[in-house]
Amino acid sequence: MRALSLIFGAASFAAPLLGLLVLWVVVVHAFDVNPRVFPGPGAVGHAALESLRDGTLAAHVGASLARVALGTALAVLVAVPLGVAMGVSQAVSDFLTPLFRFFSVLAGIAWIPIATLWFGYGFGAIVFVIFNAVFFIVAYNTLLGVSTIPKSLRHAAASLGAGRWATLTEVLLPGALPNIVTGIRTGLGFAWRGLIAAEMIATNVGLGYMLFVARDFYRTEVIVFGMIVIGLLWLLIDRLFLAPLERATIERWGLVRAA
Amino acid sequence: MKSLAIRNLSKTYFDAYAAAHVTAVRDVSLEVKEGEFVAIVGPSGCGKTTILNMIAGFIPPSAGEILVDGRAVKGPGPDRGVVFQSHALFPWKTVLENVAFGPKMRGLPRPEREAIAREYIALAGLSHAADRYPNELSGGMQQRVGVARALANHPDVLLMDEPFASVDAQTRMTLQEELTRIWQERRPTILFITHDVGEAVFLADRVVVLSKGRVLKEIDIDLPRPRRWDALIEDDRFKTLSGQVLQLVRSA
Amino acid sequence: MREAADIASPPAASAASPLLAAWSWYVRLTARWPAVRSLVPFVPVVALWWIVAEAGVFPRAFFPSPPDVSRTFVSLIEKGILPEYLEDSVVRLLVGTAAGMAIGIPLGLLVGLSSRAYKALWPIVLFFQAIGDIAWLPILLIWFGFGLTTMTFVIVYTVMFPVIFNTVLGVRSVPTDLRRAALSLGAGRFALLTEVMLPGALPNIMTGLRNGLGYGWRALIAAEMIVGTSGIGFLMFDARRAGSVVEIVLGMIVLGILWYIVDSWILAPIERATGQRWGLTTR
């Protein structure tokens, strides 16, 4: 029963996309579109097989994912403790909020030029761009989360005998968690875009590079394939990792309305 | 204002979770005469809100018919005004704009509909708050606006779904007294849903006790009007009637 | 509003300690001019930046000092480059945002109101949203070349999706009772849309616009770097080519300040005016 409804759900989700595929085939044939302008599904499938066979796809995807994973992990590890520490005191958080807002506005893409100057083209610069796309947004959201925990919750914990450490782990962290998760989701959204942009500019491997180099040779089928890969990867990251994380905290606790 | 008649009304729906058909309302017949104030009282889950939603046209009945002034009901319409428990005021409209909404839908020009709205706002004692937004009012004031908005549209029947359930006890008494005053002034036909026995007896000409989707009993309330809480609270007739209704509700 | 005299002469507490007196002076000052509160925190940051630059920890070419940047700022304004580029960027952003909303709001209303449209369009919307704006750049370059069309397309694309998502969310979060109230007061389909669904979704639409601008802004910078011939993003990337860190830093500061102004003077007040007075919170 459950499996059946799951299959049905997946089918009704896939149906419009299949419709889109059919439309694609029909349009390319009917209007005899120049494959240099827009390739048919066959050419894209061929490009997909080719890049799978010669291992270039794996190399590009691997490089991109490694950069995102490393940059994000580093950023979260530094930003969360920092955000909690800053959010504990109202005066400190009031003081730092404008700074973090300013820097989270700049986060990501705007750092590409200076990052490539400081670190040179390649891995370091790109990880740095992702790091600061995630870092400032997560730190800002953690700060916001901790400083908006109702005083009464902290007082309740204190009068029930919680010490400093217990207050931190039992009240502050869980209370700020929905904000932290939202921060990670937003930050990762910016980081993913920053990654693609940075790879177009500053490296010789990765999905962004794969697209950009294909443009030089007018290989539109490779470009379209790369776009689909980017879309699917992000859908996977978002649906399998970020959305469940957000559901598990935010919606269950009824703290924020689902987005 | 016109009469309301319900004949053999039933509502059955399929509860997917329990995998069973549930009968929320079973063969209910009821008549509200023109200018009459009838209250339906019963414990939660007795089907009273379902009945009101069917009369309002929000959900279709499974069987039976609903007649307003002899015409069958099809979907929601301005002939039946509704006052909601959640007040359902449009948050982006001021009190004046909320009350003027019905006349606006009837296509009346601005000066005319604002005149109507001001009249009913005054009737509800809210003239000073006409330009405020619902969010800026107290719960009691919000419900007053809800009543004014429904009345300003001149409905044949006024349907009230536990409108005073979420205001504090003092305010509730004031609102009940005001409602009886307005009813005596304008004589609308009212069907009032509540789970509060005292409220039902205080307000209505007739109380219908509902249990498990059926009408258990109808009781005429022959208390004199105007009714005021400070007089009625010590009144023996009021106590007897309330006790009678309460016993029926608790036996349900 | 407090009188100006209040700030100049604090009450008796000042006798306690000069530090406390200074603190309470600062609190009264920020209470009178809230803008100060968002400016003062930058003072120590700039000071630290200045000290590190002057100390010569890093080579000057890599790490310019605040005076270097402000000199460049003045000279770029005098040459007319900065105002011109700034105007280009802002106009692109405005045009793209307007178009993105013009497409996104009706589409969001359609998907939010009709379950048939939802079934047919939602997976497609999700898929195209996932591809992301910047990934479109290479193929757009083939289609439209290096120019305004490419950049506008990218911004419209970026702004559109958050607007769609939040419009759908907004439409769905309009309470059933409000719809019922309108219907039983005699509203038809069109009145229901204009009087109930649209205003009910408005706070969410504003949030969508705010998020969309946040993404669109970054997309614009990226697009200007990669395809641009003018604009702040181009200024920074051109400076990168020339190795002029001063201009890059200047570009970043200009971007930050500009966004700060847009966000806190335009977007946030609109959100407050709708959401707060109506008592609808969007987050």
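Should a chain be cited, it is by its letter among A, B and C, assigned in written order, with residues numbered from 1 in that chain.
Heads up, the rule we're going with is that contacts are C-beta pairs under 8 Å (C-beta built on N, C-alpha and C of every residue); 3 or more make two chains touch, one makes a residue touch a chain.
Computed from a predicted structure; not experimentally measured.
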| query | By number of C-beta pairs in contact, which chain pair leads? | reply | A-C
| Central chain of the complex, centres being mean CA coordinates | C
| query | Using each chain's Cα centroid, which is most distant from the centroid of subunit B? | reply | A
| field | Between subunit B and subunit A, distance of the C-alpha-averaged centres to the nearest whole Å | value | 51
| message | Using mean CA coordinates as chain centres, what's the gap between subunit B and subunit C in Å? | response | 47
| said: Centroid of subunit A to centroid of subunit C, CA atoms only: how many Å? | reply: 19
| task | Return the residues of subunit A touching two or more other chains; collapse runs of consecutive numbers into ranges. | result | none
| query | In subunit B, which residues are in touch with two or more of the other chains? | reply | none
| remark: Residue set of subunit B touching subunit C in the complex reads 56-58, 75-78, 80-82, 84, 86, 88-93, 101-102, 105-106, 133-136, 149-150, 153
| Hey, which residues of subunit C end up touching subunit B in the complex? | 175, 177-178, 180-188, 191, 195-196, 199-200, 202, 274, 277-280
| note | Residue set of subunit C touching subunit A in the complex reads 37-42, 45, 62, 119-124, 126-128, 130-139, 141-143, 165, 169, 173, 214-215, 218-219, 221-222, 225-226, 236-237, 239-240, 243, 245, 248-249, 251-252, 255-256, 259-260, 263, 283
| Residues of subunit A touching subunit C in their complex? | 12-17, 19-20, 36-37, 94-99, 101-103, 105-106, 108-114, 116-118, 189-190, 192-194, 196-197, 200-201, 207-208, 211-212, 214-215, 218, 220, 223-224, 226-228, 230-232, 234-235, 238, 256-257, 259
